[in-house]
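Dropping the structures in below, format is structure tokens.
The same chain A turns up in both complexes below, where it pairs with chain B and then with chain C.
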Partner chain A sequence: MAEQPPIPPPAAAAPPQPPRKVVLPPHRERAHRPWRVRAEEWVRRNLFASPGQTLLTFASLALVGLVIAGAVWFVFFQANWRVITVNRWLLFAGGFPLDEKWRLWLSVALVFPLIGAAYGMWASLGRRDLLFIALAGAFVFFLTAHGDAGPSSSVWFAASLALFFLGYRVCRFVPRETGRPRTLAVRTLAALLALALPLVLIVLMVGGGAQASQFGGFMLNLILAPVGIVGGLLLAVPLALGRASSLRAISWTCTAYIEVIRGAPLIGWLFVALFILEDVISSPLIVRTMIVLAVFTAAYVAEYIRGGLQSLPRGQGEAGHAVGLSHLQTLQVIVLPQALRVSIPPIVGQAIGLWKDTALISIILPLRELVGNSRAAIAQAEFIPDRIEVYAFAAVLFWIVAFMMSRISQRMERAQGVGER
Partner chain B sequence: MTTETEATTAEQPSANGADRLAGQPDIIMTEGVDKWFGDFQALDDVTLSVKEHEIVVILGPSGSGKSTFIRCLNRLEEHDAGRIVIDGIELNEDVRNLRAIREEVGMVFQQFNLFPHLSVLNNITLGPQKVRRMPKLDAEQLAMELLERVGIPEQADKYPTQLSGGQQQRVAIARALAMRPKIMLFDEPTSALDPEMIKEVLDVMRELAESGMTMLVVTHEMGFAREVADRLVFFDEGQLIEQGTPQHFFESPREERTKLFLSQIL
Partner chain C sequence: MKRLALLGLVAAVFALAACGGDDGDGDGAAGGDVRGDTVALIEERGALKCGVTDTLPGFGFREPDGSFSGFDIEFCKAIAAAVLGDDAEVEFVAASSSARFELLSAGEVDLLSRVTTITAERDASRAVDFAQTTFYDGQGFVVHADSDIYDAADMGGATICVAAGTTTEQNLDDFFNEQGLSYTPLSGEGSEPQDQFVARRCDVFTSDKSGLAARIASLPNSDDYRFLPLTISKEPLAPGVRDYDSDWKDVVSWVVWGLINAEELGVTSANVDAWAADPPNTAVARLLGVPFEGGETADLGFAVDPQFIQRALRAVGNYGEIYARTVEPLGITRAGTLNALYTEGGILYAPPYR
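What follows is the complex of A and B.
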């Protein structure tokens, strides 16, 4: 063969070669050692590297241990969870008519697969997520379905969870890399998510369902926050474009809106919904609250979108014009899609913020969302000592939703910038 | 103003193919075009006519107004004085005129400016579909033909950031051609490219020139200018200083500034 190495010189001429040692790059080398050794090394390096660090490690361990022990003690031995099981309808649904329970469950069964799908599209269920879902599911299940008259709630809840995983599985089949199939899938899911809210409202209200004024408890938070976010987004786009406009009157108006709204806390604007807005728009308080939430969110989201607009190179719009697109078309198909994509992470952050802020509502308004009805629950003579149980329960419910939102947004952020700007 | 020097256009047979342009109508006509950026005058009384099928290469030092001039031709910049008439359509405030002109004029940018959120195919089909209301399938077929023409049909489903610079610029050319323009403007189409990719783009432009496209090209590629251009135009400090055949330019430039520029660049 032509490519054979040259014949080595006689052994006498060169000293015998030592056996060849395989040199691995450092990280490979480490991976070759048994996990026990690696674990030891990790512990030594990250927890006990110096006397000071050792001290801190033990101090933190002690603190965490104390907190966990205290929490476990409270949850299993001290707390009186009857306050939750007795009041669970109040906490979850407020004044929603009990006979129409199926409407609530049907809504849950509609929304869960979509959340699962969003998870599947942008995140993946790691061990941590599964543990979280199992715990959260058990928690909610125990407090909602436990002790129910019939099996119906358990069945609904189990079915909803199954649908969650179904949505997740289906979306795992969508390819991860950008391309036509993924674009199509993302668009379909976005459309379904956008439709979910009106659909839920129809399920709840149409055909002898509940009145809007009967909405309450956790369900009210779950309705108000998405309305605020979606409404805020819709308002924010023209606001951002208006602020960037070259027409002074328009840009000043939009700037004034944004700065005024951001200049006062949400709680102040909720006062406006209660006292002032009524004279302007004669509508139920819940609608006025929705308007305020949307108007408030829009001011912040508009600024994020403006950031996205500014991050685009000028050539993008010019290229659109050069191929003959009108100003509006250029905005619609070139500028906005890119600007929105860039501003998704801060918008999700804003959404999580608004979600938690819905807890403020019942402080100002006579709308009984979860926190308001928590207070109602402990106003009952029997449950006066059970404050902590009720508020801890409310906090966990808030946290479950916020945690899922932040998980999905983290993954979305990481997934960005693959074949896209 | 330099009205006198402008008159020295060498109306001789062009270097490239005798008087192949004889009798062709003027498709671009500018007259006394001024452009100001604040107090800075970027274009000063530019008068230039381009015949149909003519290849004009614009030369000039950095900041001389070359980009500004060709960007005025499709109103990416608005000119402040003078007239611009393209294929008989006056370029002015009238939006219908502007739309008609932009449909006839394609542009290729130094930085490609492809749409990063759209696939290569959709970058090309966007104009025909949105502006010409072409059905999707027809637009896609046209896009594939054009990708074939610029030599990268296999990249249709990729995204711009997945392509090399040369490939991106060829997609940008295909995108402009998809509108079936009568005129193509090129603003330093190879300046952002690595040397080994310059040729693939210039080859596409050569082929386009041979097919009879009217082209205005800002470039520093002197080989291309010498070989392909019917006429060279030299800008300095916002003024059109000198124009003529490549032969005229490379052998006996008249203006001092032209000589200086050419001595630096050649």
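What follows is the complex of A and C.
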């Protein structure tokens, strides 16, 4: 079952050697030569071994150089980044009332330590993560420090980052082994994470805050995508179990749900949110959008979880029953944890997909997230020529979050031992 | 089967919750075809839902602080002030050109104020009624300043940049067929036509004159381009309301006409307070809904109270003020165009307010 690293073949019986003469294996011997010689050899062997390879090397170098030079030229000399610094609020918060800026930052300061805690609980920060955080952080600092935003944004962001690391450190103290203390800590954190979104919405809206219709910009992406992902995950578990159920009515219902939802593109379901869902659930458009995103994601995630369930040997469940666990307990402590662990990579793939799909919202719905407000920014007479800048900026923001999700999943996979058991 | 019954129960609970949750959250407009009393709906909700564009310089765009701005936006504010007494009580809904009429009929917006051309097909087959036109636009042409093209006849054989899939493209085709001239269209999405024109991949750039002027004015060296004295289409841009609600349509139309009449009568945002207290003549008194020299206030029977135009004027000023604030900065002068008052050579001719 478990894949062990291949056992090296037993060493061939070496002929007796004179004890004092040490023969180094080739790579060790190379290591003793000066680095200049080694580098030269590497270059010759890997880049200029034949005329064809030499040609390829120069062609690739020229191409890479051209792209880099073009990018540097654009970023530092050609681009008019004023369109970003001037429109920072429009791009990040849309129609959110400017006077209520503290509400946005308070939300960030609430969520950051929770993300840090989740990191500390289920994964660890490697050198690459720190490098990424440093780069992304510097980018955000640069943004907050520029123009007329005042020092408060930078201070808020610094505090949020500090809280992120605080959350991380605190959760590093939680023992790694399964046991009462860890279970307690995990449950507390899960509860806090579940409360995060309602809490953020309260901070944003209650007591003279914004109305739902004023949400916009990057903030809207950051609210909608997690709701879709978490809501989808919560819906997906019963769907996956239901599909595997032996009761026909249940398994058919779940199968029908999955096939119908997967059978139409997200754009189509967004139209449903706009024009049809209103008749079923009378609620603001943003809520209907959340429902559709969760319902849509659930259909895909349910199939990934079903794959995870099917990868488990039947014996796992039977063993649970044999030691006297109820059906529910077997699911909870034996089957689901293993199935979910196997499904982490595809689920994260779906999450990243949904994250980027939030850009579709502005195309179909009268809601304006980052891409929608990017288009609005270049409708200002001063900035009509500057759309490459705006779209490049939006792309970087999308990438930062997508990359972060990807890193977290890799870390989690390693910590959970996906593919090793 | 048990499961199905349960599902039915859940659905029923949801439906009940949906019905119960209808009041008080400011989202009272139910889906489906909304007919009837939009004025009452707006008053109950306390906000006007205005469908606008957010990507058209000068007409509907967003300021860096996220607020909406432009010519069409001013009319939303005027109408909100007229109905609710507060021009801040507008909920702007960014309505795409493809979904705008559906948003209106589904009740997601009460009013469309987003450069919508009145056409027979829209009026007849869409669930939209058009109120009084706010802006008379038309398709125009711009060329490079050093070009040999000065008139329609010079455009024979020219390459022309145009936005793909628009009425502009069709107008262009019709126009050249009528003239018996040939041309090569170079169509693109969004701002591609503009880029191609600037890069001299085409000789002529065509679009609605207002949009054309805004785009050219935004270029760093706008003197390198020249407008042709030629308009080849009629584009009356008007606010849209839902079909079957003439009370609401009356209010919208008469706010527009009221602001035009105000300009004619010399009422501005600056003197509206003084003139409301002491109107110089009966026409102004009627327009502002105040009694003249001890007489009665004329109530003409609108679904809102007689001072609605006065409130709109106080919020945004008269038609000329709106134009000067939003369209003129784009470099589109008003004198001599269709959008001047009829007394000054234009076609803005509001019926008498009496």
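The rule is short, and it goes like this: the second predicted complex is superposed on the first by the 319 of 421 C-alpha atoms of A that agree within 3 Å, B and C clash if a C-alpha of one lies under 4 Å from a C-alpha of the other, contacts with A are read in each partner's own complex, and residues count from 1 in each chain.
Here, a residue touches a chain if its C-beta (ideal position, glycine included) is under 8 Å from a C-beta of that chain, and two chains touch if they have at least 3 such contacts.
Treat the numbers as computed from the prediction; the structure is a model and nothing was measured.
> If we overlay the two complexes on their shared chain A, which of chain B and chain C does A:Trp89 touch? Say first, second, both or neither.
Second partner only, chain C.
> Of the two partner chains, chain B (first) and chain C (second), which one does A:Pro313 touch, if any: first, second, both, or neither?
first
> With both complexes superposed on chain A, which partner does A:Ser152 reach: first (chain B), second (chain C), both or neither?
After superposing on A, A:Ser152 lies clear of both chain B and chain C.
> So, does A:Ser124 touch the first partner chain B, the second partner chain C, both, or neither?
So A:Ser124 meets neither chain B nor chain C here.
> Just to be sure I read the superposition right, which of the two partners does A:Gln329 touch: chain B = first, chain C = second, or both, or neither?
first
> Which partner reaches more residues of chain A, chain B or chain C?
C
> Please work out whether A:Arg341 is in contact with chain B alone, chain C alone, both, or neither, and reply first, second, both or neither.
first
> Does chain B (first) or chain C (second) touch A:Pro385, or do both, or does neither?
Only chain C is touched by A:Pro385; chain B is not.
> With the two complexes superposed on chain A, say which partner A:Gln78 touches: chain B (first), chain C (second), both, or neither.
In the superposed model, A:Gln78 contacts neither chain B nor chain C.
> Name, in rising order, each residue of chain C that touches chain A in their complex.
Touch residues, chain C against chain A: 1-4, 7, 14-15, 17-19, 21-22, 25-27, 30-32, 51, 54-58, 61-68, 91-96, 99, 102-103, 106, 108-109, 191, 194, 214-215, 217-220, 329-330.
> Residues of chain A touching chain B in their complex?
For chain A paired with chain B, touching residues are 178-180, 313, 315-316, 318-326, 329, 333-334, 337-338, 341, 419-421.
> In their complex, what parts of chain B are in touch with chain A?
74, 76, 99, 102-103, 105-107, 109, 111, 113-117, 119, 126-127, 130-131, 157, 159, 161-162, 172, 175-176, 178-179
> Name, in rising order, each residue of chain A that touches chain C in their complex.
Touching chain C: residues 86-90, 93-96, 98, 211, 213-214, 216-217, 247, 249-250, 253, 274-276, 278-285, 362-364, 366-368, 372-373, 375-385, 387 of chain A.
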